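These are the structures in question, set out in turn.
You will see two complexes here that share chain A, one where it goes with chain B and one where it goes with chain C.
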Partner chain A sequence: MSLVTDAFVSQIAAVEPWPENATIYQPMKSEQVLLSDNASCLAVQAFLRMCNLPVQVVCRANAEYMSPSGKVPFIHVGNQVISELGPIVQFVKAKGHSLSDGLDEVQKAEMKAYMELVNSMLLTAELYIQWCDEATLEEITQPRYSSPYSWPLNYVLVVQKKWEIKRKMKAIGWAGKTLEQVYEDVDQCCQALSQRLGTQPYFFNKQPTELDALVFGHLFTILTTQLTNDELREKVKGYNNLNAFCRRIEQNYFEDHDKDSASGYSTRLTKGPVLP
Partner chain B sequence: MLPKTRRPLFSKNLLNENVWSLHSLDPLPMNGPDFGSPGEDADLVEVEPQKKQEILENKDVVVQQVHFEGLGRTKDDLVMHEIADVFKAKNLIDVMRKSHEVREKLLRMGVFRQVEVLIDTCEGDDAVANGLDVTFEVKELRRLTGSYNTMVGNNEGSMVLGLKLPNLFGRAEKMTFQFSYGTKETSYGLSFFKPQVGNFERNFSVNLYKVTGQFPWSSLRETDRGISTEISFPIWKTSHTLKWEGVWRELGCLARTASFAIREESGHTLKSSLTHSMVIDSRNSSILPKRGALLKINQELAGYTGGDVSFLKEDFELQLNKQLSWDSVLSTSLWGGMLVPIGDRPSSIADRFYLGGPTSVRGFSMYSIGPQSEGDYLGGEAYWAGGVHLYTPLPFRPGRGGFGDLFRTHFFLNAGNLCNLNYGEGPKAHLRRLAECIRWSYGAGIVLRLGTIARLELNYCIPMGVQSGDRICDGVQFGAGIRFL
Partner chain C sequence: MELRCWGGDWGLPSVHPECLVVLAYARFADAQLNINLVDYTWTSPKGAAPVLLFNEREIAQPSNIISFFRKQKYNADYVLSAKDGSDTLAYIALIEENILPAMLHTFWVDAENYSSVTRPWYAARTPFPLSYYLPGKMSRDALNRILVTKGQPPLYSINEIEAQIYKDAKECLNLLSNRLGSSTYFFGSTPTSLDAFVFGYIAPLYKAPLPKVHLKEHLKQLSNLCQFCDHILSSYFSQNASGTSPAGQEAIDANLQKLTQLVNKESILIAKMDNNLRRSPQNRPQKLATLQPTSDGGIGNSAQPLTP
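What follows is the complex of A and B.
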């Protein structure tokens, strides 16, 4: 029944054009959002801007629980609610907007592989640093994640989330890793991305794809977020072409549109510098 | 006071058969929490008609001793307080009545499985001529009782495991634990209850629980984990309860298709509230009363003791019953309530009022009146509802005096309204809002009393004053409830 409804609804969704009042929901920028969530939110925003689809950003303290998948961000378009980059790309494609239509099958497969790499390496590393590194957990994650809640719920929810992430780390074999190994993984991932990018403006030459949006979301967030130490940021900073890539997307898709969104992250979320 | 060897019953033939019947005292009112049902085994007093009899009915007697047999872990002081009255009895009728009252009280404490009363003349050196001994033979409940059952319903099957430790420390304390393991949800509740010795109505309890509710009329799922403590005490004819509750509430959408208004309510909130409730109940029965009135007033203040939800909530329930000729009863009731959010956060869907359903405003679907979004009912911050019922026995009275007495026919007229108020407007505007768009309904049906706590109704309803968005149940409506308009 629900499958049929879902199929039916997405059929209808495809017919309707992109509405003016499309909204993206994400956690509170200044006091709540964590590195990994911020990266995901920024990736979706970048993707929608690359598609030239207008979207209004709304911050809610309970965005994580409002999301149908429990993950931020999610978009509310018409009467549809879709969360996370992958499904959003699919949904936008159903509406007739796609960034990867120009790619051949091999390139599409390559793009998917790199996106998988980013999700399994960068995203997991961010989660690891946030929730499994005690110093970061205590100084940054705990106060930020629990900011909307009162005692004793603030502790309960942090512990609950911590266990959830630790279980996940155990399942994927990251539980035994040290922080150094995680930084090493990030470095390898960046190296792979840097080599693929080379001297091109985007990963698949002239036109950005969802891979560019995803990489931008993560790298830009890492570069502009102040953590307990600078090691993670330094790893990314070591790759000049990736830095330039981030700045290019920021200039082309954020600064042109408005001064508020992306640069808002660097000033409000972090104390760190804007891109060099 | 302590158990002694049992002596023969009524060894002296002092009773007249006509006098000796505790059955005539049965209809003494018995209410209070659910601690077994003394009514079922009220005929345990043994009567041994003797040939040679002496009528003691009007003679003065003195209760010299009260014995208890069968006390194990129950502490002496607990029963001592209860039996004090028996010593005050001046004649046999009095002794019997008082003993009966004590027996009811003892049973109500939920400590004994069985209580028998024996009245005998005194024997021994210090016995006076008209002295009586009263002996209570009791059987204590087991230290641990358990129950196990399975439930199916609401697209869910569950297994319920219950454990009860009555009379835990010998002073009528009670600990209960209930655990329900379902295909979708697990819930549990642990509660500890302690009455004051000698005054069972004054009691204290602590509860720890997790419950999950699914509310399809709102497409909402709610999981509550909480702790509450409450004190109950009587003042004159009213009974009061003061309660503090701290509850962590997790709201979520029941389905992906839930409206966005419900989605916006998702997430965690922590409510810490103080509640006072007062009840005056002079009805002869709580389910199908023939006479008497009920007034319940509830007030809840949340936010001042912590948590992130702040509001003041007031609600009341009034019911008046009047017996007419031919065993029919006219019953009128009025409910009302108001929720005022404190601070700038709007009220949560979990705190608002709901109206409609087979035992409130009949003819409307369950909680399907008032503000809604895409078919999901959001509740309101103010409501009122009223009803007039005429209850009569079944036509031609089948099963009279037995099974048939569990049934009543009723004719009803219900009305009510649920809406949100703009608190800046003042009381006149509020009354106007509550008086516009009144939903009402009338009809007739059959009521079945289920024990002393619930009833089933099968009604034919005609809803009127339906507003757009309300979901109605035009025609036959079936429902069960423990609270009804």
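What follows is the complex of A and C.
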């Protein structure tokens, strides 16, 4: 079924230009969004900005349930709704905007590989810290995740989500890991990214790609988020070129745009959850 | 050092991808292993493999075992630059996210392959009462892993996920083939841990005599990956890969054959029951597979029209 939808969507997408009223939906930024969701939202925003496609940011408490895949963020363009970075990249490509067209086959393979690395290490580590570390779960995840709901729904939803994540961790062999090992994995991943980036401005030199957007989303969120302890942030802070990379993307794609759009509609940036 | 792993067949030193990764790396790094095959005796009852035993310590999972080898100075990666090391990590993530689900599905979830090849093979190498339980458990674990990691709305049932994971796997094989190009190994002329991982995950697909072969057909078209497997097999595994003495091996083989025959009879019965039980149409996956768009596909699965 998805193949038919795929073909259909790419046909439709190709003919219509990018509309003015494209919207990105994400959870409430100040009181609800979690580390991992914020990273994904920021990655998609960065990607769309890199493509120079205007999009209006809308925060909804029930964004997760509005999304077709149950994951945030999702974009609403014309009569299409697409969620998550991977499908959004393909959708935008069908509309004729692509950041990775200039890459050769080997570079494309490399980009895909590093994106999988970020998803399988950083994203999983964020989920682990949020849902499997008891201190973080109690102090941050539970109050934030359940903030839009009243008793008893607030407990039910948290428990449901917690089991879902734990089941996933068990299936991929992370259930037996300690928090220390998870931090080690994050460190290993950051080291790999840092070495791959080297002294270049972006991962594939001058031109940013979706990999840059994804890495920025995750690292910037980790750098700007206060958790129960600073260990995760310290791991990322240890890599100077990654810090500079985050600042570069922030300056080039977020601050300028904010100035430009001062008179326009609200393209306001969410810079990581403002956690207590 | 002693390695507990599943044994070999079909021209491979081990049929189990993760065991194969470890064996290949050990050969590349020239580490001497005492190999202890999982067999029908109760010496290694849990079926957990590969496991490296060293001074009373047990190390599981290929990535942990390989980093242990490195600490023991058996390093096949010393030729790599820092960037190559990072690439290795990234490509391993790529393989685990994209090829592993399709691999698990091909061997453990696809009813035809499972009942005619995988189940009899593993049951023959498991002690008697456990042989009725362990393959089933491994199959359930595989299915669970696929559902949990790939099954998100709007893909709920295994039939829907199946189309997606095979598409991902084919794309990933294409990427690997492009990355390998015409060189012998991924980083030049010496094999490294990435070669061990790629070999471990694709060689069983390439060699296994499975009735349902759509991923294998795709792999066969990528001739450089096939040559890569053949090359590693001929240069590193040309003699018998197991560490046991030939005489002992023969006795074990003879016993195994008897047992295999018994279990095969059993499994034919079970396969029949299985087919009756699993009422989902088994031809559907193949149909879907032939429908797949070639490489850069369309929009991902989560796109759908908005219904206000």
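Everything that follows uses one rule, which is that the second predicted complex is superposed on the first by the 251 of 276 C-alpha atoms of A that agree within 3 Å, B and C clash if a C-alpha of one lies under 4 Å from a C-alpha of the other, contacts with A are read in each partner's own complex, and residues count from 1 in each chain.
One rule holds in what follows: contacts are C-beta pairs under 8 Å (C-beta built on N, C-alpha and C of every residue); 3 or more make two chains touch, one makes a residue touch a chain.
As the structure is a computational prediction, the values presented were derived from the model and not from experiment.
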Chain B versus chain C as contact partner of A:A135, first or second or both or neither: neither
Superposed model, chain A: greater residue contact from chain B or chain C: C
Contacts of A:M121 with chain B and chain C, given as first, second, both or neither: second
Which superposed partner A:A175 touches (first chain B, second chain C, both, neither): neither
First, second, both or neither for A:M66, with chain B first and chain C second: first
Chain B versus chain C as contact partner of A:V81, first or second or both or neither: both
Contacts of A:V58 with chain B and chain C, given as first, second, both or neither: neither
Chain B versus chain C as contact partner of A:R196, first or second or both or neither: second
First, second, both or neither for A:V159, with chain B first and chain C second: neither
Set intersection of chain A contacts, chain C complex versus chain B complex: 2, 5-6, 68, 76, 79, 81
In the complex with chain A, residue positions of chain B that touch it: 248, 250-253, 255-257, 260, 263-264, 266-268, 270, 306-308, 374
Chain A partner contacts - residues on chain C that touch it in the complex: 61, 82-83, 85-87, 89-91, 93-94, 96-98, 141, 144-145, 148-149, 152-155, 160, 163-164, 172, 175-176, 178-179, 181, 288, 291-293, 297-306
Of chain A, residues touching chain C in the complex: 1-3, 5-7, 9-10, 13, 67-71, 74, 76, 79-84, 86-87, 90-91, 94, 105-106, 108-110, 112-114, 116-117, 119-121, 167-168, 171-173, 188-189, 191-193, 195-196, 198
Chain A - residues contacting chain B, complex: 2, 5-6, 60-62, 64-66, 68, 76, 79, 81, 148-153, 156-157
